[in-house]
Structure formats: C-alpha cells, structure tokens
Amino acid sequence: MRPSKRAPDEMRRVSLERAVARYAEGSCLVKFGETHVLCAASVEDKPPPWLRNTGKGWVTAEYAMLPRATLERTRRESTTGKPSGRTQEIQRLIGRSLRAVVDLAALGERQITVDCDVLQADGGTRTASITGAWVALHDCLQWMKARNMLKGDALKDHVAAISCGIVNGEPVIDLDYVEDSNAGADCNFVVTGSGGLVEVQGTAEGKPFSEAEFGALMALARKGCGKLVELQKIAVL
Amino acid sequence: MRPSKRAPDEMRRVSLERAVARYAEGSCLVKFGETHVLCAASVEDKPPPWLRNTGKGWVTAEYAMLPRATLERTRRESTTGKPSGRTQEIQRLIGRSLRAVVDLAALGERQITVDCDVLQADGGTRTASITGAWVALHDCLQWMKARNMLKGDALKDHVAAISCGIVNGEPVIDLDYVEDSNAGADCNFVVTGSGGLVEVQGTAEGKPFSEAEFGALMALARKGCGKLVELQKIAVL
Amino acid sequence: MRPSKRAPDEMRRVSLERAVARYAEGSCLVKFGETHVLCAASVEDKPPPWLRNTGKGWVTAEYAMLPRATLERTRRESTTGKPSGRTQEIQRLIGRSLRAVVDLAALGERQITVDCDVLQADGGTRTASITGAWVALHDCLQWMKARNMLKGDALKDHVAAISCGIVNGEPVIDLDYVEDSNAGADCNFVVTGSGGLVEVQGTAEGKPFSEAEFGALMALARKGCGKLVELQKIAVL
Amino acid sequence: MRPSKRAPDEMRRVSLERAVARYAEGSCLVKFGETHVLCAASVEDKPPPWLRNTGKGWVTAEYAMLPRATLERTRRESTTGKPSGRTQEIQRLIGRSLRAVVDLAALGERQITVDCDVLQADGGTRTASITGAWVALHDCLQWMKARNMLKGDALKDHVAAISCGIVNGEPVIDLDYVEDSNAGADCNFVVTGSGGLVEVQGTAEGKPFSEAEFGALMALARKGCGKLVELQKIAVL
Amino acid sequence: MRPSKRAPDEMRRVSLERAVARYAEGSCLVKFGETHVLCAASVEDKPPPWLRNTGKGWVTAEYAMLPRATLERTRRESTTGKPSGRTQEIQRLIGRSLRAVVDLAALGERQITVDCDVLQADGGTRTASITGAWVALHDCLQWMKARNMLKGDALKDHVAAISCGIVNGEPVIDLDYVEDSNAGADCNFVVTGSGGLVEVQGTAEGKPFSEAEFGALMALARKGCGKLVELQKIAVL
Amino acid sequence: MRPSKRAPDEMRRVSLERAVARYAEGSCLVKFGETHVLCAASVEDKPPPWLRNTGKGWVTAEYAMLPRATLERTRRESTTGKPSGRTQEIQRLIGRSLRAVVDLAALGERQITVDCDVLQADGGTRTASITGAWVALHDCLQWMKARNMLKGDALKDHVAAISCGIVNGEPVIDLDYVEDSNAGADCNFVVTGSGGLVEVQGTAEGKPFSEAEFGALMALARKGCGKLVELQKIAVL
C-alpha cells in the first residue's frame, strides 16, 4: 500500500490553471497534489548570442524553489552566489524538453524563457514543471501568433513528464516526497503527445535495477504522460 | 484624478490570507491590489553567531521577486551572483520593522526568518511585505507558544507600512506602479499598532519637497496604517 | 550631558579642505570631528548604458571604509566578494542626494563618479560624505565648465546632510559613534541650500518614536544643514 | 558507414593504464580512442558534514577538462567563477555511479574523491571517466585495505559506462565527437558487473525517439559495458 | 636628464608620519614624492588556522588603491569581486618582507595585519608601502610590548624597499610614474637594516637586460635602502 | 649531499615532448624529473580589447595544477571561485617571459594563449612551465607561418627558466619539492637564448641572503638556462 493510498498506476490529482501571472505572455499554475509550480513564459526580442543572424529563435527555462517550499527551509540561491548543480540540471532538462516540440525557425530571432518557480514541493517538481511549462509556452505562442510574430506553426506537439520509481519493490507512478525518499529507483520520463520519448532518466538509489524493472516503469510513465497530455488539451481549449 | 480613480486618501483593496504555505510555521498571502506577496515564517533552533550564549533570539527577513512579477522580465538574482542593493535595502527594512515589535529575549536562542516573495508587483511591494510579514510572524509565534517555546509574550504590538507620495502636486496614499513612476516624492512609513513610528523614509524624485508636503504625507500614512492594523486584527481573529 | 560635552544642537567641528587629490577633477577632505572622508570626483566620457543617445549624463557615488577606519578592523570588501548591504545603501543615498541638485541634461553624455572613502569613522560617515561630496562635485563641474563641457549651469543648489537622534531621551544633532550606539532613534536628513528636503530617513532603535520627537529632530537638522551650506559656500569661495 | 569505419556495435580501442599519478592513492589513465581522461583517487580522513558521527564514509567525484582538450579552446572554469551546469551534471553522475558499487559503511568516516581530468576530448568523456574512475577507486581501496582502514570488503561490484546513439537512423555504440554532433538520440548507460542498471540517460536531439529505438540502444550498451568490465578485470589483475 | 630633474641616484623626498590613524595600534603615512600610502597595523588575538596550537603568530599585509589615486579612475576591487592578480602579488610581497624581520614566536598566537592603502599613486607604491609598513609595525609592536603581549624582542631589524630601473639606457633610482612607463627594466629590492637581501625582483620591459646592468641597479638600491633605514630610525626616535 | 644525490650544479633529467595535444596549434609535455607540465598553445583571431586597431597581437599564459598533482590533494580553483594569488602570479610570469622573445607586431591582431597544466608537481613548476611553453609557442608560430598568418619572423629568441636556492648553506640548482621546503633562499631566473635576463626573482625564506650568495645563484642559473636552451634546440629540430 502506498502512503497516499493511491494505486500503483494512480497519479495525484493534477490541475493546470492558466493566465495566473498578470504580466507574462503565457502562464500556468500547475499542481500535482501538493506540488505547486508557477510557470511564466516571457518573450524577448533578442536571441542568445550564438543564434544571431541565423533567423532562428530559442526556448529556455529557469527553475527555482521558494525557500520555504520545502519541509525545512532551504537557503536562497541568490545568497549562495549561484544556482546549485541540481537546479542547473533541472532547468537544462525543462529547456530541452520544450525545445523538442518547438520549431525554432518559426520564432524568428527571439528567445522565450519559461520561469518555473516552485511555490510548494512534495516530490516531482521537475515533471510538474515540464507539464505546466508546456501550457505557459502554448499561451505565449498564441499571444505571439495574434501579433504576427511567428513564421508558421511554432508548436509541433505536446510534451509532458512524469516520475516513476520502485518503492517497496513495486513499480509506482508519480512519487510524492515520502515515496521519493524511499525509492529504490527513481526515473523521469518526458514524452510527447504522439508518444515519442524526449528524455529518459533513471537512477538507482541503493541497489541497481534490472532491465525488466525499468521496462515496467516506462510502461507506467507512457500511460501517465498520455493522461497528462489529455489534461493539457482540456486546459488550453 | 488618480489613474486608478481612487481618492487621494484611498488605499487599494487589501487582503491578508493566512496559512497559504503548507510547511511554514506561519504564512500570509498579502495583496495590495495587484501587488501580491507570499510571506512565510520559518523557525530555526540556532541564533545568528553574534547572539550565541546570550539567551536572545533574532527575527530577520529575505525579499525577492519572481522574474516575471514585473511588466518586463527581470534577471534572477541567483544568476547575477548576489542580491541587488535594492533587494538588500528592502530586506533590511522588513527585518528592522518586525524586530521593533518583538521581544527578542522571549524567543530564546532561535531565529525566525520571514521570506517575502513577490509573486506580482504593481508598486508598494516593500510596504505590502511588512504588513503581510507581521501576520506570518504572528502565526509563527502562536505555533511556538503552543509548543512552549516562548518565554512570555513575544509579540508586543502590530506593525504595518504604507507608501505615500506627491503625484501631480497632490499628496496621495498607496501608489501603484504607474503613480510611483511619476511621483515627485516617494515616502514609506512603518507604524506600530499604538501609533509609534518605526521607520520613516522619504526620497525626492526630481525636485525636493517641503516640510509641509512631508507633513501631509505623514498624516495620510498614519491613517492608512491604522486601517491596515485593523485588517491584521481581523485576519488573525 | 552629551559624552562629548556638546550642547544638544551643537555639531562637531566641521572642515572642508579642497583639492586634496592630485589627479581628481574635484576633491574634498571633509571632517566632522574625528570622522574623516576623502571625496574625489571623476568625469568619464561615457554615460551609463540606459542613458545612451539621450544627451543626458549621470552622477553616481561609491562609498567605502578603510579597514582600520574603525575601532576594530573590518574586513576589506574586495575579499568578501561584494559591497555589503550597508555600503550599497549608503552609496545609493549619496548618489541620489547629489543628483537632486544637478541638471543632468547640462552634463551631456558623461558620468561623474564621486568616491567617498572613509579614512576615519566616528559616526555620521554618510552625512559627512554627502556634505563633502558636494564640494568635490562643485569643483569637478567648475573644471568641466572651464573646458566648455557643460551646457549651461549644471549645479542648481547646495546639498548637505546631518544625522540627528534621540539619546537618553533628548533630541541631539550630529551623533558621534558613542551616541550612535546608544540612540533610541537615528535619523538622517538631506537638505538643499534653499531648504528643500531631499531625503528623510528615520529608524527606531529599540522602541518606536513619536511624531513630536521626529519633528524635533527635523528642526535640529534643518538648522544644522543651514550651517553646513554656509561652510560649503565659504569653502568654494 | 560510421565516420570511423567502425561497425555499429564496435567500441573504440579502450585502454586502462594504472598508477599514472605518483601521489594519488589510486589512479588510471583511461583512453576510449582519442578521448583521454586522467582519474586520480584521494582519501581524506574527514567525511562530508552530513555524515559526521554516523560511522559511514562517502565517495564523490570532480570532473574538468583542460582548456585545450577540445577542438576549440574553452575557457577555464576557475576564471568563470564556478563549474558550469554541464560539469556539475557530469560530476554528480560519476559520483552516483561509483557509490552504487561501494559499501559506504566499510569506509569508516572518510571521503574518497576521484578527480577525472579530461586531457583530450573526442566524445564520451563522462562514460570514459566512470569506467576509469572505477579502476582508480579499486586501487585506492586496495591501498586502504593494506593499511587496515576498511571494515570488510568495500567494493561490491564493477561499474562501467558507455554512450549509445542513433546516427543516420542507425543505433551505434561509443560515439566519437563527430557522431555525437549529428546524433538523433544520445544515451548514456551505467551498468554494474552483474548487469544491474545504475543510470540510464536518454536525450532526443532534434526529434523524439521510439521505445523500440531505445531498446536497441540499451542492448548495445549492455554488451559494451560487459566488455568494459572484462577490460577492468584484466587491468586490475 | 630625468623628467623630475633628479640625479640618477637621487630618491624623491621621503617622509614618514606616525600615528595618523586614530584607532590603529600603529600607523604611518609614508610619502615618496607624490606617492602617498597610509599604513595601519592591527593586532588580532587569533592566528591564521595553520598556526593554531603552535604558540607562534603571523604578520600579513593587505594592499589597495583608492579608485582615484591614479591619473585615470580605476574600478574598485569590491565591485569586481576579487583583488586583482597585481594586488595579490603586492600584498604577498609586503607580508613576506615584514615577516623577514619579525620573530614570529615572540608574538604568541596573534596576527598582525598591516593595511597599506594608497591615497595617491605616482609610481613605487609597493616599495613605499614596505618602507612605511615597517614603521606602523614598529609602533604596533611597541604598543604590544607596553601591554606585556610579547615574548622577548619581536622586531629583529629594519626593512625598507626601493625600485630601480633602466630609463633611456641609464640606471636610475626611485622611478616615478612617467619613468616607470618608459623603463627598459623595472626592479624592486627589499633590504634589511643590516644589508641583507629579502627580495629581489627584476623584470625586463621590451628587451632583456644584462647581468652588468642588473648589478648597477642593485648598487643603487642598496645605497637607497640604507638611506630609507636612516629615515625610519629618525621617524621612530 | 642533496636528498636526490645530485651535484649542486646538476639539474634533474629534463625532457621536452612535442605534439602531445591533438587539437592544439603547438604543445609540449615538459618534465623536470617528477615535475610534469602539459603546455598547449592556442591561437585566437581576436586580440585583447586594448590592442584593437593597433595591428599588434598578444601572448598570454594560464597556469593550473590538477588537484592531485601534489602530495596532498588541493582544492580545485573552479570551486573556490577564482585563481589564487599564487596562480595569478605564476601565469603573469609565464606570459611576460614569453612576450620578451616574441615580436608582437608580427602576429597581427591575434592572441596566443599557452595553457600550462601541471599533471605532477615536485617543485619548479613555474620554471618547467616557461621552458616547455616556449616549445609549444614555437610550434604554434610554425603552424601560423605555414598558413601565412605572420608578418615576418615572430620568434626572436629562446627563453628558458630555472630555480636556484640555498639549501643547507649551499647554492644549488633546480630544487625539488623536498629541497624547496627547506631552502633559505628561493630564486627563479628567466634567461634568453642570447643570455639576456628577462626576470630575476629572489626571496629569502627565514633569513636574508647576501649579495655574494645571490651572485652564486645567478651563475648557476645562467649555466642551467644555457643547457635548457640547448635541449629546446634539439627538441624543435
């Protein structure tokens, strides 16, 4: 039995609330149970240096947690002088995931930054971020389209993400903080609307896992991401 | 006429929502119109170094804005390597304001940090932060009292803050961003529940102001802070 | 009785010595009793980025203390990696105070930086800095005028500053370090030659102060700043 | 046909040279073709802070490239002020991989740091680092055993790593720089001597990959890691 | 003919004014012509970490220039985040020079820091700093002796320093900024009161120098340092 | 007797291996006994800012040690946030030494950076670096010449360096780590192929040295550098 009483293949309650940030070109407050992330997309009329004069644009992401998003207060990264390795790893992952479904040439020489700020953290913040960031990005691209800023359709597909892991020997989906702390394997899957794999990350905690176990986790994840994509479709109707 | 159609002595709609951060010992989402700040208080069983072995505690504050709290996205301070001068000035102000109404000896050797994270900024973020931080601090001290962590009553009074300024030659209260950008004088007042002054900060923008003008602003502020204290009382009933 | 035997409205002996820095365009060694600050103004033919192509210039200030300006040696800020919050707060204050009396359009696209380096600190370093920086700025503008670098009169007025506080229940002017450490309220006033207020900063230490007390401090400050302006006039004769 | 003329399942020539760093407790110069990494293990009699008084030890890794290890010179990270996101991601991966095969309790309160310095980079530096780091760690643990510093057998298994990817539509193993730059999917697998999975990382470049493609890459990787473990066994004979 | 009309072996006017910093345990304002350095010695009752429990003390130095000590304003090192390579080189040199004439065991577990802050720079700031720092150190040690803080005589000898160089083909002593900029060789010599060499640093600018030229510079320096030691003796009478 | 049984004027075995870095324009693995430094020269088609539009180029150097090059592991400078004072001092020395034998005008507006990475350190790393860097620079300039990138002969002479010191009262050449730790004087000499002095650095450790002692060290160094230049000539044949 999972601590949350959920079935092994049962995700937490997911909600995707749009237009929550008054000034952003697109925004979404995503909740996976008690994990809450505010995603806000901003357009800038200047691409990163390496894209100048290529006609192409870029999509990137930044990720942070409020100091008291967590059980214990964590130190603010502006006072430690730099984002931690974990933070950088996560924001690189979010950025790659979004770029996988965007036609960068359609953006022109612009950059979209999606800020993912975790207001409350109960496990799975990076997968919630990706899922919510897609909605913010979608609305941002709509905003740009309405202003004739895009060359054709920039958004090629949905992208969503979920964590799976082996807890007490059993493969389960969408781990909360308690499960995450006790998982024997912790995997994150990023999947497109058409079922393609964008990122697969599996890490053994404690002892290595087998190929069969990994297969079971991937099956759970594909099913879960399918549902998340359905929720995204409803959210942006 | 003010851009917001408010009367010169009319504050924006203020709301103080408690218990918004699941893990914090006390929290408050404060809204002054479109300015929204999430205040979360955390207790730590370790005082700052200079209070070791004194039996006394400390109250401090940190302040930050989400990158897209503002009209234009601002750079995240964790990537610039340090909090800006403005950020440090504000968080020092919030900390001093709270300490003015706390009996530090009653805390024992502990530190309370109140994080004020601006989710949306439309002027007056520092005064909203102080007003909301008092509520978060209040609830944190209640939490400590219930666990017998306090020596006597730690909270001596209310404290609230408001900005006033001279816009188009007229003294007005609670400036929003548009007014703030055009103000000839920009003042912040921090006032206790019993009417004492904790901080008075006045800055001329463009041309110096007269003592009479300053007096008018102080009168507005004292009235406004009185109302904010009433709202705090209702909020913590 | 004040520790220094001064009357409540008696400032320390003030001196303003010009042309003390051989290479600077304007300079002043200001002494308020045992508080000594070397102010040096430098012109640069490049405005800050946000003023490019506006035809306007800028005046800014930097502030620092020699490590052994103080009773105990303090750590050099170049080794801590950044100016402290206090340092930034002070240099922003000095800059704002000077800009209040300068016609920035008359400077053309140039920046003047006034460095205020505290050689010895006995309280009131920020107000001494502002008072001395005005002299350095005055001489720098004279130097520029002699070279036809200014469009019209750039210096619109004098500006001077003084601290006042409540010590042992009594309002006094120009606190030295011993008084400053024991003050119940610590206020800084920045006043122009024509009596306008540029900055008003009051902070309660320990318990809040009343509006009447604040009024008494302002009266002292206005009188003191009047005298400082007289001394500036004599100095630049 | 691969640019290097290798068969799809053919790794580059791998060599593992021990005892190359005169002062380290264990060391290995690992070469995967033109990718050369110097791995050096150091024991320190002090665990990281969070393990104090637990009786346990820790294994960690640091990773860096010489500035001219690459085709174009890259800036030295000591001059940029911090390790890049990529560097931190890689050194965290190496550390986790090594800890998966070490009994941390057997180390006592000590820390082993394995430095992986890339002398020359032609793709696959992280997988070469893990494979070579195991040899350096093995020798370091032998050195400790000879001095009775270990409680029982600390090294539980081998661990090796290899990259696989889809290049020109075909799954291939051990990509060099040219292939890596053109790969449609880039995956890294970390596998133990007994065939357990420690880390699985797959990233789509350009377009998402299918589950079948991912399965083909995993099959290649498991075979490759099996061979690498054989080479490790010969190296430490 | 030298630009300053001095003879090749003629130093600038040197003055050593003691007790210029009110709070320091020893201080000296040293002037070599237009080069002015304020040297202040501070005692701390804590040695550097590597001397704990050895019974020995340490002498160290820090060096900085006021931003407008120079012809052109230079950026403050607190804003660049770290002391420059040049600054570190100089403060290491001053520290080594002072330690060469101090019996560190006589200090007990204490550290003396001599701050050398250049108020005005016209060449030769490092040699002026060493010469003046000796006076500040002398007075600091006297202060300690008067408080029975020393075990025996801590100061073993004088130490002074001078620069020499080849300008327009001729060996000259005590270069000012103009000469320094045109020197073919630039050497600094640190010499004790009894004539021993503590540091010898020679750098060719443009083309290498011969052993004979170097010998001529050393002869000039030994004579000059002899005079500086005489001036130190008079200063501390 | 020296710990290494070498005669006082006997250097360690020196080897200079070229073309060790596959991608660099010139490279050399230099060994002075157990001190091993990898030198790699890189050309960049952009001069430093202060040489823009002068037609001239620049030669600079960077220096670093692998963490376990030394007996005890040293912390990586990328994690301390900046190169240490010692590192900066050494890389400035290497750069100046190389520039002394290069015609910067012949380079055009380009910069050559020679990276000196110490793989193993047993004393004398800076002198080995200079000696090896010359070889890397030589090959880099040959590479440029073959591509018609040079205006005339850029390399004017050889440059080599050696350390000498007084150990147990006797002047000896090329100190290893054990001798270096016990030396009474530690001097580094940088000498050109034609015998000119480029840099002379002598530091007393413990007690000052006499002019005669210094002369003996210089004589040893000149002989040693002569031999090193012979070895360079053979290496680049």
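The chains carry the letters A, B, C, D, E and F, assigned in the order they are written, with residues numbered from 1 in each.
The rule we apply is simple: a residue touches a chain if its C-beta (ideal position, glycine included) is under 8 Å from a C-beta of that chain, and two chains touch if they have at least 3 such contacts.
Every value quoted in this text rests on a predicted model; they were computed, and no experiment measured them.
Enquirer: Return the chains shared as contacts by chain C and chain D, ordered by label.
Expert: Correct list: empty, since no chain touches both.
Enquirer: Would you kindly count the fewest steps from chain C to chain F, each step being a jump to a chain that touches the current one?
Expert: So the least number of steps between the two chains is 2.
Enquirer: Shortest hop count from chain D to chain E along touching chains?
Expert: The fewest steps needed to get from chain D to chain E is 2.
Enquirer: Pick the pair from A-D, D-F or A-B whose contact list overlaps the E-F contact list by over half.
Expert: Among A-D, D-F or A-B, the interface that shares over half of its contact pairs with E-F is A-D.
Enquirer: Measure off the straight-line distance from the CA centroid of chain C to the CA centroid of chain E, and report it in whole Å.
Expert: Here the centre of chain E sits 33 Å away from the centre of chain C.
Enquirer: On a C-alpha centroid basis, what's the spacing between chain B and chain C, in Å?
Expert: Computed from C-alpha means, the inter-chain centre distance equals 28 Å.
Enquirer: Hey, how far is the Cα centre of chain B from the one of chain E, in Å?
Expert: 51
Enquirer: Which residues belonging to chain F are in contact with no fewer than two other chains?
Expert: Counting only residues that touch two or more other chains, chain F contributes 81-83.
Enquirer: Taking the contact definition as given, in what order do you meet the chains if you travel the ring from chain C through chain E?
Expert: Chains encountered around the ring, chain C first and chain E next: C, E, F, D, A, B.
Enquirer: So in the complex, the part of chain B that touches chain C is made up of which residues?
Expert: By the definition above, chain B touches chain C via 81-83, 85, 88-89, 91-92, 96, 100, 187, 191-192, 194-204, 207-211, 214, 218, 222.
Enquirer: What does chain B use to touch chain A in their complex?
Expert: 21-24, 27, 34, 38, 40, 42, 44, 62, 64, 66-71, 73, 76-83, 87, 113, 115, 117, 119-120, 122
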